[in-house]
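Note that chain A is present in both complexes that follow, paired respectively with chain B and with chain C.
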Partner chain A sequence: MSSADPKVKHGAGLSLLASELRILFGRRRTWAMLAAVALIPILLAVALRLTSAGVEPGQGPPFLDRVTQNGLFVSFTAMVVAIPLFLPLTVGVVAGDTLAGEASHGTLRYLLVAPAGRLRLLIVKFAGAIAFCIAATLTLVVAGTIIGALLFPVGPVTLLSGDVISVPESAVRALLVAAYVSLSLLGLSAIGLFISSLTSVPVGAMAATVVVSVVSQILGALPQLEWLHPWLFTDTWLGFSGLLSQPMDGTAFGANAVLQGGYAAVFFALAYSRFTTKDILS
Partner chain B sequence: MTAPDLAIETRALTKTFGRQRAVQGIDLAVPRGSVFGFLGPNGSGKTTSIRMLLGLADATSGEMSVLGESMPDRILDVLPRVGALVEGPAFYPFLSGEDNLRRLDSADRHASPRTRTERVRRALERVGLSAAAKKKAGAYSLGMKQRLGIANALLQPRELLVLDEPTNGLDPQGTREVRSLVRSFAAEGTTVFVSSHLLAEVEQVCTHAAIMSAGSLVAQGSLDELRGAGERHVRVRTADAGRAASVLAGFGLEPSSQDYDASSADVTALLPAGFAASNDIVAALVTAGVRVQGFAVEEPSLEDRFVDLTGEGFDVVR
Partner chain C sequence: MSRSSRKWLPAIVVPALVVGGIALVPLSAGASVDLPDKTADEVLQLIASSTEDSFSGTVEKNADLGLPTLPEGMPGAGETIGSAFEMLSGSHEARVFVNGSENVRVQITDQLAERNAILNATDAWLYDSETNVATHVAIPADARDAMRDKVTDAAGAVTPAELAERFLNELGPSTSFSVGTDATVAGRTVYELVLTPKASDTLAESVSIAVDSETGLPLQVSVHADGQEDAAFSVGFTSIDLAEPSADLFTFAPGDGVTVEEKPFPSAPSDTDYSDKRSEDVDPGEKPRVIGTGWDAIVEVSMRTAGGDAEADPLLDQLTTKVDGGRVFSTTLVTVLLTDDGRVLAGSVPLERLQAAAAEG
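Here is the complex of A and B:
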């Protein structure tokens, strides 16, 4: 009986990534979370449509007063509403579950015996969490755009700077905002991955990840700690207004990339050092 | 340190958790092509040893090699040639049996995606799960999960199968099936390393065995070697217990008698090493007018050895 030749490898081993994404996006839990994300702009738009009273500028979340004039603003408003708690909650569930979920099912030992390779598995898990961040923000933007177009007039968009951009141009901006917010969640995903490598109780890892994001935002709200703010991974979360001005200001995007990239590097490294030396006893 | 004829070899393999020494310097030698029973009561360090052999846990000290390669240094080259069932089967409850196997197969870079569907189908067929392939693993019975776990070990042709308590949760019928599977693996030339706390379940299929007790290896060798270290008994079942005992005493034995039923008793005696006259016992009994109902020279059972070495089989030692 000839055994598998260890020297023969099939492709770059992308099978595992494909399988990870299939499982992640095949789970009812993932769909429930994406549906909940889609509900945010829908609820927001419906509520605005049903109340006849106009919204004064400066009342409620940013851009709220503009929604009734232009449905394309639904996405932006919903994004601002979802960023502080709801998106981190869903990312916490996915990132916290990455390794701890496999450990709690006992499938972690079988993946490693297969052998998946610990670093490769870690990369695949991180990639899965990032894919979810992108899916969540895209879901929000797409749902917001559709419901906005259905309930409110759609036309050229007046930006914060007073300039007017066309509808297709505003679609590009909406996608850029989605990209910005996905990027914003990178640091939190890496933190979740690290926490997930510490435990075999997925609920604990999920909760801890969400708590970290809340604590960071609380610290970010304290003016006494202003020296600390640039170091918080939540500091740039709401900083996408530059993407809605004309000419577009991309500096916040760059700053966000540096911050999130730094957090991702540090926490991925921590997760790596923990996971590759860990005894898998679950 | 690697001997080419050994599928698994360890030297002074040790694992401590805090102060507790789960595995204390064991020297395993599993010949290639053997069916090797890794026996011991629950908590004797079997699973911990298996975890180290598969690179799931680091050894505190000692060396090991699997299929001639040093572990865990060569883990990614060794494990594709090893199929394993470790500490019970584990699956994604929300995936079907088939999808679970596809998932675990995709984790192995040496597994060809092109042949995956076919390999999964054949593995399921071999353990008799074809009919339940599309059913969610969460709805499987314990016995079905156990079979799925074995199917997972069979996704590729393997040189070594490590089966940790493969009969756990199986009914007697399932246990028989696992035994016949193990025999068929061995017939194909695969080395099978099978752990169990129930000796009787593996004794019939093993060629070799090692016995663990409280983290130490207390015996190891071929089944005959292990049995040979024990002692033989002679047993006479008769209605004339008193006369039988005196005949046996005439051979220089020390008989003892135990009632079998209302009219007959079992008279047993230890046969000293090198005792040559066992052929003459029956003739002597008949000559003495003993009505012999049954006579046997009993080889020591592995079970007796097992209990001798580990204490009572079911006790958790620590």
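Here is the complex of A and C:
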């Protein structure tokens, strides 16, 4: 950390990030998870296409009844379906693996031999987890849009407010929702990074991260704990309806950013303190 | 300090900063405000002279009436009772857009759903995203003209000062007016007009109206119940923008796949007989009877007028408690007595007053 030449430091960080992303997205496991994420909209659309019975409004997940009239709704429905369990599951696997995975492979100490510094390694690992969150939500949107366009008619989209927007405008909204969902996963990624710094058993860290997200959602469902709800990182996960309203309401986006930023700051700091004081034995 | 304990500093400092930051933000928002003093009469004139008729904002409603919370989708809860309860308990948020006296749009947002009400010069629309149904009412031109005339008549006939005076005269005997502490609502400085009942026997302690110091727009109304610290009921802006909202918000064209239901325009009530219109389908003898005046007035209606066979509703059975002479439903602001002989008495008064009135009647 006391390197005198900032240019060298900068370059080392970038190349570390590049190699981290290369490893992350070079893994078969990552691609398998992204493929599984893509399967959600595909299964949903195919199932709807094959059943002749129409879906009543208000039945099933939100927007499900719209899908048969407009394929662009597939990605919105898939997003809502994937948020509570599936996305946290995949993010838990990636974030839980960050440090514990290297430790279990015995590669962590080699990473630290290079003059990169533990803080920079931590930042790179966190950035890798965030990159996966973005990739996962984009996969959902892109796969949903493609399969929706293939199986169903595509046309102007009716927003939650009842107003109709054009197809290009709806693509912008879908990307905004994807950005919102990616941002929502920031807090969980930081929690996963922290848990991963506690152990050298990656499976334990992955499971613990997923359990944290499930527990938080259960607490969020209990009306008796209403005072606690605004403090839960899962509280804003489904709060993107403002982005599907006319005029667009960005206040929820800001609130989500504050909440996730707070969680990320706290757990990144905890991970930093834990990781920099840890004896790296493997 | 040792090297390793210094590395634990971020783990303590960052959470402390985050929590501290969250704790400080509301404090700075509640900083004290000092506006030039105004009397209650002047604040009333300020409201009456308000010309602000185009704005958009978020309105929040909070109710703490001491009602039991109903579990969602409770079986047996009638649709009407359920939705009435929804509005009377908990907190709700809506976005409101107003442009002139004719264009209004209200959006009630739920999680991943929205209910919209759009009103313009020619049409009224209701859209519910959950059922994907749009209800349309075309407003006939003559009804619109009549309404417009009435509005301009009312607005043109009196000056703000006269309107304020009329209001004071009307309520003066039962209510004392005062100006409370200046504050901020939705980021704007407000005068607080406080209406306190002169009657001592009422459950309502006071009603306060927050009036924007610049535009005279009432920004918040809250009703306080006797012996309750927080407002029992309040409706107010949490944010407001005085810019004119875009005109296309007030037109509505249902998209593909939306079920459109046409409803006829309700026949316009004639000028004078509002009261007859309301009780058209009720026997003349069953009109609501008002006992007393002012804040502690009691309203009495017969059970049949109030909504049929209420006894049979299991929900009603749960909500009310048995007392001498009937069943009582009480909130912090209103007490309702359902007598055994089929009358309903309601008022912002303690139960004993209702029982006494029931015994007399």
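FYI, the second predicted complex is superposed on the first by the 271 of 282 C-alpha atoms of A that agree within 3 Å, B and C clash if a C-alpha of one lies under 4 Å from a C-alpha of the other, contacts with A are read in each partner's own complex, and residues count from 1 in each chain.
By our rule, a contact is a pair of C-beta atoms (placed from the backbone, for glycine too) under 8 Å apart; a residue touches a chain by one contact, two chains touch by 3 or more.
This structure is a prediction, so every number in the text was calculated from the model and none was measured.
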> When the two structures are overlaid on chain A, which partner does A:Asn70 contact: first (chain B), second (chain C), both, or neither?
Replying inline: second
> So, does A:Ala269 touch the first partner chain B, the second partner chain C, both, or neither?
Replying inline: second
>> After the superposition on A, what does A:Pro156 contact: first (chain B), second (chain C), both or neither?
In response: second
>> For A:Thr277 in the superposed arrangement: first (chain B), second (chain C), both or neither?
In response: both
> Which of the two partners, first being chain B and second being chain C, lies in contact with A:Ala18: first, second, both, or neither?
Replying inline: first
> Touching A:Leu111 in the superposition: chain B (first), chain C (second), both, neither?
Replying inline: first
>> Can you give me the overlap between the chain B contact set and the chain C contact set on chain A?
In response: 277
> Hey, which residues of chain C end up touching chain A in the complex?
Replying inline: 4, 7-11, 13-15, 17-18, 22, 58, 69, 95, 107, 109-114, 116, 118, 125, 127, 129-134, 245-246, 249, 252-258
>> Which stretch or stretches of chain A touch chain C in the complex?
In response: 57-58, 62, 65-66, 69-70, 80, 155-158, 160-164, 223, 238-242, 245-247, 249, 251, 262, 265-266, 268-270, 272-274, 276-277
>> Give the list of chain B residues in touch with chain A in this complex.
In response: 51, 54-58, 75-82, 84, 86-95, 102-113, 152, 156-159, 188-190
>> Applying the document's contact rule, which stretches of chain A touch chain B when the two form their complex?
In response: 1-6, 8-11, 13, 15-16, 18-19, 23, 27-28, 105-107, 109-117, 120-121, 277, 279-281
